[in-house]
Amino acid sequence: MAKQKVCVIIGVGPGNGAAYARKFAREGYVIALLSRTTEFGEALLPELTEGSRALSCDASDPAAIERCLATIEADMGPVDVLLYNAGSGGGWGSPEETTMEQFELGWRVNAQGLLKAAQSVAPAMKTKGAGAIIITGATASRRGGARTTGFAASKAAQRSLAESLAKHFWPMGIHVALIILDGVVDLPRTRERMADKPDDFFVKADDVADLAWSLTQQPRSAWSFEAEARPFGEKW
Amino acid sequence: MAKQKVCVIIGVGPGNGAAYARKFAREGYVIALLSRTTEFGEALLPELTEGSRALSCDASDPAAIERCLATIEADMGPVDVLLYNAGSGGGWGSPEETTMEQFELGWRVNAQGLLKAAQSVAPAMKTKGAGAIIITGATASRRGGARTTGFAASKAAQRSLAESLAKHFWPMGIHVALIILDGVVDLPRTRERMADKPDDFFVKADDVADLAWSLTQQPRSAWSFEAEARPFGEKW
Amino acid sequence: MAKQKVCVIIGVGPGNGAAYARKFAREGYVIALLSRTTEFGEALLPELTEGSRALSCDASDPAAIERCLATIEADMGPVDVLLYNAGSGGGWGSPEETTMEQFELGWRVNAQGLLKAAQSVAPAMKTKGAGAIIITGATASRRGGARTTGFAASKAAQRSLAESLAKHFWPMGIHVALIILDGVVDLPRTRERMADKPDDFFVKADDVADLAWSLTQQPRSAWSFEAEARPFGEKW
Amino acid sequence: MAKQKVCVIIGVGPGNGAAYARKFAREGYVIALLSRTTEFGEALLPELTEGSRALSCDASDPAAIERCLATIEADMGPVDVLLYNAGSGGGWGSPEETTMEQFELGWRVNAQGLLKAAQSVAPAMKTKGAGAIIITGATASRRGGARTTGFAASKAAQRSLAESLAKHFWPMGIHVALIILDGVVDLPRTRERMADKPDDFFVKADDVADLAWSLTQQPRSAWSFEAEARPFGEKW
């Protein structure tokens, strides 16, 4: 019997993380869900492929990432797809309001954690000459705003790192891509906060998951690096 | 019986144009092939959906574009997908070598023709609140080089126009997207010119066509505007 | 007696054009003012260096540009600084509203005219191994908007061309640079149209002229290509 | 007697740092030189304005930056110009070779230190409604490369942060700008490493210092944010 493909999702919540899990499970992957606490992930397991697991992993701690990914590889097999969806804000607010702690946490989760995760899954992907690392970015990956100080700086570091990863790993057959999420994900808490917005205003997490999936399906003669997910009514 | 969807391809040759035609035909579209001369298009028709047609249309002549698209709409029905693939070089070489004629032709075909084509198909798309306009861009859409003077300037105008089209038409349900083709398409003539390059060096036109198709399938809560098609081994 | 340096300004009105003229005259240059009609230019001459001239030249006509620049070179000497400030709108409004005529005029004035002007002054600059070509761009040089269709497309072509010019001519000692004017120039007609705006809202043309001047003074080990001129209170 | 203006340089070595110091001293500023060790700075003092000082400050330590800048403000007066020139590599090499330590150090020095330094000088600048913060960036600020992993990621974070700083502080009269240094600075050690390169290949630190100076002199109706310093013969 052919071995099931393994998809690891770092950063699992009710938005993109859960949608990624459901989509890749539907496509036959066995899923490893990594998040600081496992409650949400465990509640999601019944919807996923048998053999999927929820693990506790703090994305701001490189040693924890390394350990978790080693466990997954030992127990579930080499990782085929890594979806890097961890995302601490990193500090909203102006440069004057942003604390050193927020600024550092954002960088640890958005940039440093990605480097460690990529380093951890790369050896097996290199052996196969195949694999995908898909990262959830944001509009802030492209520019800093007066009130997105810490978030934008960490997302910019992540984008630059994603580009370094792509330039290094693509020629080995490993597809690194960055989704630029340019909109607000449709969630109970965003709906509540923006109660005046119409349905069309929101990005559906399932649609972002379809984009992530389609990136992993691109033939290697025509890969995309940066892929926007923007609602049709968004101003940009 | 449900009406077949109509796909118009402006600029049809043995590369992306033919691949676009085959892909959208396989997906059930009836195809209108527009190019200066109809020989190539007519030879392709047997591979396409019944009812597909090849029309002579000079993309550097806005009146011709308008006329052709009116004919298509009258004979085949409103256009669902416009693939703008016309691409005169526009003048390779340095700014000193580029002639006014090359420079103008590039702009007419890459930029002005796109504006007229979009204006021609937009009314029917607006009525439906749906449709797609996918444009074949290039790395040169993003920057000018010392020896890409006319080509890059016309592709930059096209990219800017594509962005204006997107910002204007997206909220009406019309998906405008730009493919950044960052590589050399695999063709007998490019193979001959670059005989020392391995298979992996080239972009396969079928893979670009798959990308164009996937763009037309994106749900409107998560549309992409710019989508790269770059071989995995490409330096960038 | 040392020969006076020659500065040509293509596109002279009460904003940047006049400010460029005054600044370079103060710095000792003899000035050639090119615009469709010479009234404004002639009225400006008394403020400029002796020997300065106003010539009629339609920037949308490459032959006229070539002729004018040949006349200037014959009468005043080789051009040291070319300030390309011509700027027909090129069509404001949505892609549906923009006419072929507007779209073409914008491209002729913003892009084609620049190519011809650069080709005309380049030989003498190459002979000296020195010279400067400074172009007045805009925010729209960088992106297309829903209502800046023709203007943005022509400015994008201009920016790409400026980049090709820079990459080609810099190594010959000719400094090509693009000013990104990101704001509204302070003029009687803009003040009237935006009567509610404070002084600080506007870009002062004299300040843009200082920037153009400073670009021509950069030592060649540290040249800038793109230089923003943005009011300190501008949102971006 | 009018109080002398104060210029702080964080990161002082034989390249840009020393050139910044000499330039701003020539323009009448009293200079505070901050670097991990004070030997180089102290040796430079005799060339600078009387009252200039060299202080030991580790730019990877926010508390040290805060302390040093408080000392300077207490002893020398409020800071008029902050030149942020600190720059640990942050890890050259591929994503596989880059260690967590290198990656973190790069971010601390290039991004976190800038945030703390800006927070430290801002209150006095806000009180005056004037001041300048000029940051030495690099080509890597704009993109990640296969072998610039840690350096590029930290410079990208710095650039995004610089943009947030600019958008926040410009309206208060504080000019934040980023120099994109696109070339190799002319130094004994770079000359030795690239002994085959001609004089023209190198960026002269004095020319970068002139650019930094010119940015601080821009009138506020026409400020630049990003300013390239690129040798005229550079490929880009």
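Going by the order they are written in, the chains are A, B, C and D; count residues from 1 in each one.
Here is the rule we go by: a contact is a pair of C-beta atoms (placed from the backbone, for glycine too) under 8 Å apart; a residue touches a chain by one contact, two chains touch by 3 or more.
What you see is a predicted model; the values in this text were computed from it and never measured.
Chains making contact with chain A as well as with chain D: none in this assembly.
The chain pair with the larger count of C-beta pairs in contact, out of A-B and B-C, is B-C.
Rounded to a multiple of 5, the Cα-based rotation taking chain B onto chain D is 180 degrees.
Residue numbering at the chain C/chain D interface overlaps substantially, since over half of the positions present are found in both copies.
Averaged Cα coordinates give chain B a centre that lies 46 Å from the centre of chain D.
Chain B and chain C have Cα centroids separated by 33 Å. Shared interface positions of chain B, i.e. residues touching 2 or more other chains, are given as 167. If you sketch which chains touch which, the chains form one closed loop in which each chain touches exactly two neighbours.
Annotation, chain-chain contacts: A-B, A-D, B-C, C-D (touch as defined at the top). Residue ranges of chain B in contact with chain A, taken from their complex: 167, 170-171, 173, 175, 183, 186, 200, 202-204, 207-208, 210-211, 214, 218-236.
Touching chain C in their complex are the following residues of chain B: 62, 94-96, 98, 100, 103-104, 107, 111-112, 115-116, 118-119, 122, 140, 143-149, 152-165, 167-169.
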